[in-house]
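For reference, chains read A, B, C and D in written order, and residue numbers begin at 1 within each chain.
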Amino acid sequence: MSTQTEIADRHAQAGEHDHGGPALYAKTLIALLILTAITVAAAYVDLGSGNVVVALTIATIKAMLVALFFMHLLWDKPVNAIIAMAGFLFLGIFLMFCLLDFDSRNNYFPANFKGPAADMPLAPGTAPQGQVIRTNPAAEGEKK
Amino acid sequence: MEQQFDTSKIGMWLFLVTEVLLFGGLFVGFGMMQARYPREFVEAHEHLTRWQGALNTVVLLISSFTMVMAVDAAKKSNKNRQVLFLALTIVCACIFLVVKYFEYSHKFEEGWLPGRFYSYKGDSIPACPGVNPSQLASNPPPAPAPGAPVQQCTNGYATFFSFYFMMTGLHGFHILAGIVVLTWVLIRANRGEFSKNYYTPVDLVGLYWHLVDMIWIYLFPLYYLIQ
Amino acid sequence: MDWVRRLMMPDIQGSEYAKQIDFLYMSLFWLCVVLFIIVTVPPVYFAWRYRYKPGRVTPHDTHNTPLEITWSVIPLLMCVGIFFWGLKDWMEYAVAPGDAMEIQITAKKWLWQFEYPDGSRTINDLHVPMNKPVKFVMTSEDVIHDFFVPDMRVKHDIIPGRYTEVWFTPIAHGEHVITCAEYCGKGHSDMRAKLTVDNDAEFAKFLETGGTEWEDYFSGKDPNKTPADWGRIQYETKGCNSCHTIDGTRSKGPSWKGIWGKMERLNNGQLVLVDENYVRESMLYPQAKIVEGFEPIMPTFQGLLKENQIRGLIAFIKSLQ
Amino acid sequence: MDQAISSVPRTGDRPRPKKNYLNETKGFMSWAGTLDHKRIGIMYLVGVLTAFLLGGIFALLVRLTLLTPTHKLFGKVLVTAEVYNRLFTLHGVIMVFLFIIPAIPAALGNFVLPLMLGAKDVAFPRLNLASFYLWLTGALMAVCAMIFGAVDTGWTFYTPYSTTTDGPVSLMVMAAFVLGFSSIFTGLNFIATVHKLRAPGMGWFDMPLFIWGIYSTAIIQVLATPVLGITLVLLALERSFGIGIFDPRIGGDPVLFQHFFWFYSHPAVYIMILPGMAIISELIPTFSRKTIFGYRAIAYASVSLALVSFIVWGHHMFVAGQSQLATVVFSALTFLVAIPSGVKMFNWMLTMYKGNIVLATPMLYAISFLILFAIGGLTGIFLGTLATDVHLTDTYFVVAHFHFVMMGGTVTAFIGGLHYWWPKMTGRMYSETWGRIGCVLYTIGFNMTFLTQFFLGSKGMPRRYYNYLDQFQPLHAFSTVGSWVIGLSLFITAAYLLASLRKPADAPDNPWEGTTLEWKTSSPPIAHNFEEQPVLEREPYDYRPVAAAH
């Protein structure tokens, strides 16, 4: 790659000089650190399943800050932003369809359920209701 | 000439997208396994040291800042500041790895290891019955007697640590690679090769470094803060 | 036109569902024949009709928006129709009726084990009653297998560590093929089983003997399958092992070790010789003779143990010397 | 008709330059270290054709094994079940990862794409060479895995079979991983090239449709292949560490593996077919001497196929134990694929209408493609429809369907494209007569082999079967004979193409009256492609007389 970069020993990124700058970067850093503090603090508050949402929302805001300011996407050519978005979009598609499958799996059981076949333990969440397949007394003790 | 800069940048962004999807596969795997073992994952994550994760987050954020400052200095043809900030970035990367080293060695000592090497005794979780796969085909083991308690096993716990080591390990590998390219850029910067007319390598390494930071931004809450 | 169907689908339509699938398949087939003619005959014809002539000037047709919209929208509508037709038939496959008889399938490399509601078991030999819905709840002991009955047009993967389900209502009396459709190694292509659709009388007779697996243990062909081994399976699966040990330790009932041929003292002071008749009586009428020092807690196994299973248990006890 | 093919330089053609990319420099290192996209393309071509030969031999052996239900030939069992399982696995792995995926983009695309854009080279020549060496490394790893006993998992590597079976599975999987990165780098390179190195005056909608196809392919290569990489790494780690994600014995989910695998491998099908369609979009207007009908529709269809390919992967898993809701959603989405594919078929058809059609060998392959791809596409309807798929999936019907699309589609287009650009690449014309014989034989043999397998499949013959019921023997035997016809036709093709290399360079710059930029340079091109930077003056496929166009 260095051949053409060496050939390109002169390029003027007109316009980019006007953007960014240490002051803005410092502000971005401070915002990122504050958000980190918030996300750590939020972890000590029990919000049930809300914790994951809060943590991931804050993480996404932080990632956006990094992408927009540190990675210059805010001022860059739109094609780069489109490429970056595409990556996350298709990752989202992947996650979404996997979750769609997981959340709506049909679990069947034999009428006279006798436990899993051979030494193959049943996966959690696939046990018939009312029948505890896997318990961890030690862990449950800890919770109480 | 600007053409070449733009081309390299598109190339870099495309590369970053492949990195996002590479890590993304692991994130999806982690998500699915967490949906499968919600309780085990929460219990297992309590073995991670939250302050170490938070410290590393701060270190990486600062390194991202010093990196962008180095790019800024290159853009302004300021050699000394460029070298200084690149060096600071490398220092931050090294601090990150040192903290990781302490984290890892603690995990090794306690037996919080990936997959079948998980040997932690503290939770008193009985191990799964071991099965030799090659035996199974010719000589299947007898079905368990009715009413016999189903064996508990370390499945979810071991899986959590498998993902922990895979994802932080892959990330750590990227940090290492980052240190290598940063050093290369530092040497070239020290020779005064970069100026406002040509700073493509600094810019591209910067993009890479920010992505590594960005991945950690997601790793940190997922591993250290889940409830 | 049934010969066209027979050319492509299995001759036997083992269920009403199979007939539906065949109708859908044949409809799609004729539709595709028409579409195939539409998309391939013109190019071949054009290749001949507009074959090269020096100097011929070709028109500069770049596009025709109405035409292009037409050939996008019509296929789209067709696809929507086909999707819903497929969905309608598939819903029937996807949901088993509540009153279906349940047969459990355990697949492993490379055989099929079937278990009926009364506990009877067979290997590679499935019997089902005609005209009654049968539901199969399946799991695998090793890798993924797939329960495929071409005559019934049904198929579903069998996944280790989970149960999956498939069902059909057989209407074709006689034998059919069950075959594994998910690659599972060396014996994949030999992992076949026989499906026999019985009428009610035949099926009742089949259940009476508790399946056919026991025959292997009494035929003497396989040194690893003796009547005593059959007895051991009954000992482990019918619950004998919860009260009777086979290593001599005392449990809720007398241990079976060394019991054969002994004189046991009963709670009324009588002595009884442990032989075929006594053992058989203890299983079917357990309250008749209680060994001294034990509670009369054993339930009767009348109806639960088939004749061959009793014979197996006797052979098993005999072997515990 | 042959007068339409100018095998002699036309008046106005520039004299053949003495130096071209083939003889500019000499010696092993001038090839091994070359950054010239044309030489890298040629090296890829040699590589993928070798892989094609190897995979083809395995295919012939598989068919030979299935000739009789007893597998006896001259009274001997040639291939046991274990060997058979390895044969079809190797056939699949080699054909998919070593041959089809790089065949058109990396071999033909590398050669043609910069020429068509009027560029000197691809955007990142070093990355291009690195990509070739990654391919070579992956190929060598696969060969090593073969030597160490080969694997019997099927090219899909389904868990838990692949996590429990013996053999160098991890090595084979890592070979596929390395090949994946080779593919990623090719795609990355092409995207950057298309964005930045188009000739002056060439807007996005002035690009030849081949470029649109390769560009869409590159999008998939960059977005989907990393997931394959991580999937294979997880599989290898599952084998060595027991990480517990895919193996149910230690609490994993085998169906999740299938999601991971098909998230890549379904788009991968479009990595294979889109470049095939791209070649057909070149051949048909060129040999019809007529502008392409619905340029924009074809370009958009390529891109939309690439995007839709990411949301339909679950149709490989209708009976695999994914949730019923997911099954219904994936089936509905699957039908979306039919629309852009159909649009392309109709556009090609209308391009031929009122054309001036030269039935040269590449055009014959294009017509063969139209027929075979139509069958492949239409049988896809049976498999996308929920109720019929339950009966047909995992049978020979699927085998036939994807061979019609992958071989009847992609390989047919690849051979057509190879003939089309052969004069440009080598500077030689091949024997037109033998070319046509080869194409007709190929089409006949192909239909004998694979049309038969639709009947086998719908009759209930599962795939990957070593033993089969006697009732299937006639169809199997017929299919095997067909495979010999294909083998013969490809042998003939290889023979006359190689024979053409023995004669001195005789090809004119533009033997087919092509309108795209690669025909503007000499055959074979000079090392820097063009003597002066070409400027696009007319849109591609403009066959109006020069006066009328202005």
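Structure notes:
Keep in mind that, in the parts below, a residue touches a chain if its C-beta (ideal position, glycine included) is under 8 Å from a C-beta of that chain, and two chains touch if they have at least 3 such contacts.
All of these numbers come straight from a predicted model, not from anything done at the bench.
Among the other chains, C has the CA centre that is most remote from the centre of subunit B. Chain D has the Cα centre that lies closest to the mean of all protein Cα atoms in view. Inter-chain spacing, taken between the CA centroids of subunit A and subunit B, is 13 Å. Chain geometry summary: the mean Cα position of subunit B and that of subunit C are 46 Å apart.
Mean C-alpha positions place subunit C and subunit D at a centre distance of 40 Å.
The centroid of the Cα atoms in subunit A and the matching centroid in subunit D are 35 Å apart. For subunit D, residues touching at least two other chains, in rising order: 124, 127, 164, 195, 223-224, 227, 248-249, 251, 253, 255-256, 324. Among the residues of subunit A, those touching two or more other chains are numbered 1, 4, 79, 86-87, 90, 94, 98, 102-103, 106, 116-121, 123-124. Along subunit C, residues 108, 141-142, 160-162, 164, 185 each make contact with two or more other chains. Considering their complex, residues 35, 124-127, 195, 219, 223-224, 227, 248-249, 251, 253, 255-256, 259, 263, 310-311, 313-314, 322-326, 329-330 of subunit D touch subunit A. Across the complex, subunit C meets subunit A through its residues 102, 104, 106, 108, 117, 137, 139-142, 160-165. Residues of subunit D touching subunit B in their complex: 123-124, 127, 164, 166, 184, 188-189, 191-192, 195-197, 222-227, 229-231, 234, 237-238, 241-245, 249-253, 256, 260. Taken together, the subunit C residues at the contact with subunit D in this complex read 7-10, 20-21, 24-25, 28, 31-32, 35-36, 39-40, 42-44, 46-47, 50-54, 56-64, 67-68, 71-72, 75-76, 79-80, 82-83, 85-90, 93-94, 142-144, 146, 148, 150-151, 153-157, 159-162, 164, 177, 179-190. Subunit D makes touch with subunit C in their complex at residues 1, 3-4, 81-82, 85, 152, 154, 158, 160-161, 164-165, 248-249, 251, 253-255, 288-297, 319-321, 324, 328, 331-332, 335-336, 338-339, 342-343, 345-350, 352-359, 363, 367, 370-371, 374-375, 378-379, 381-382, 384-391, 393-395, 454-455, 458-460, 462-469, 542-545, 548.
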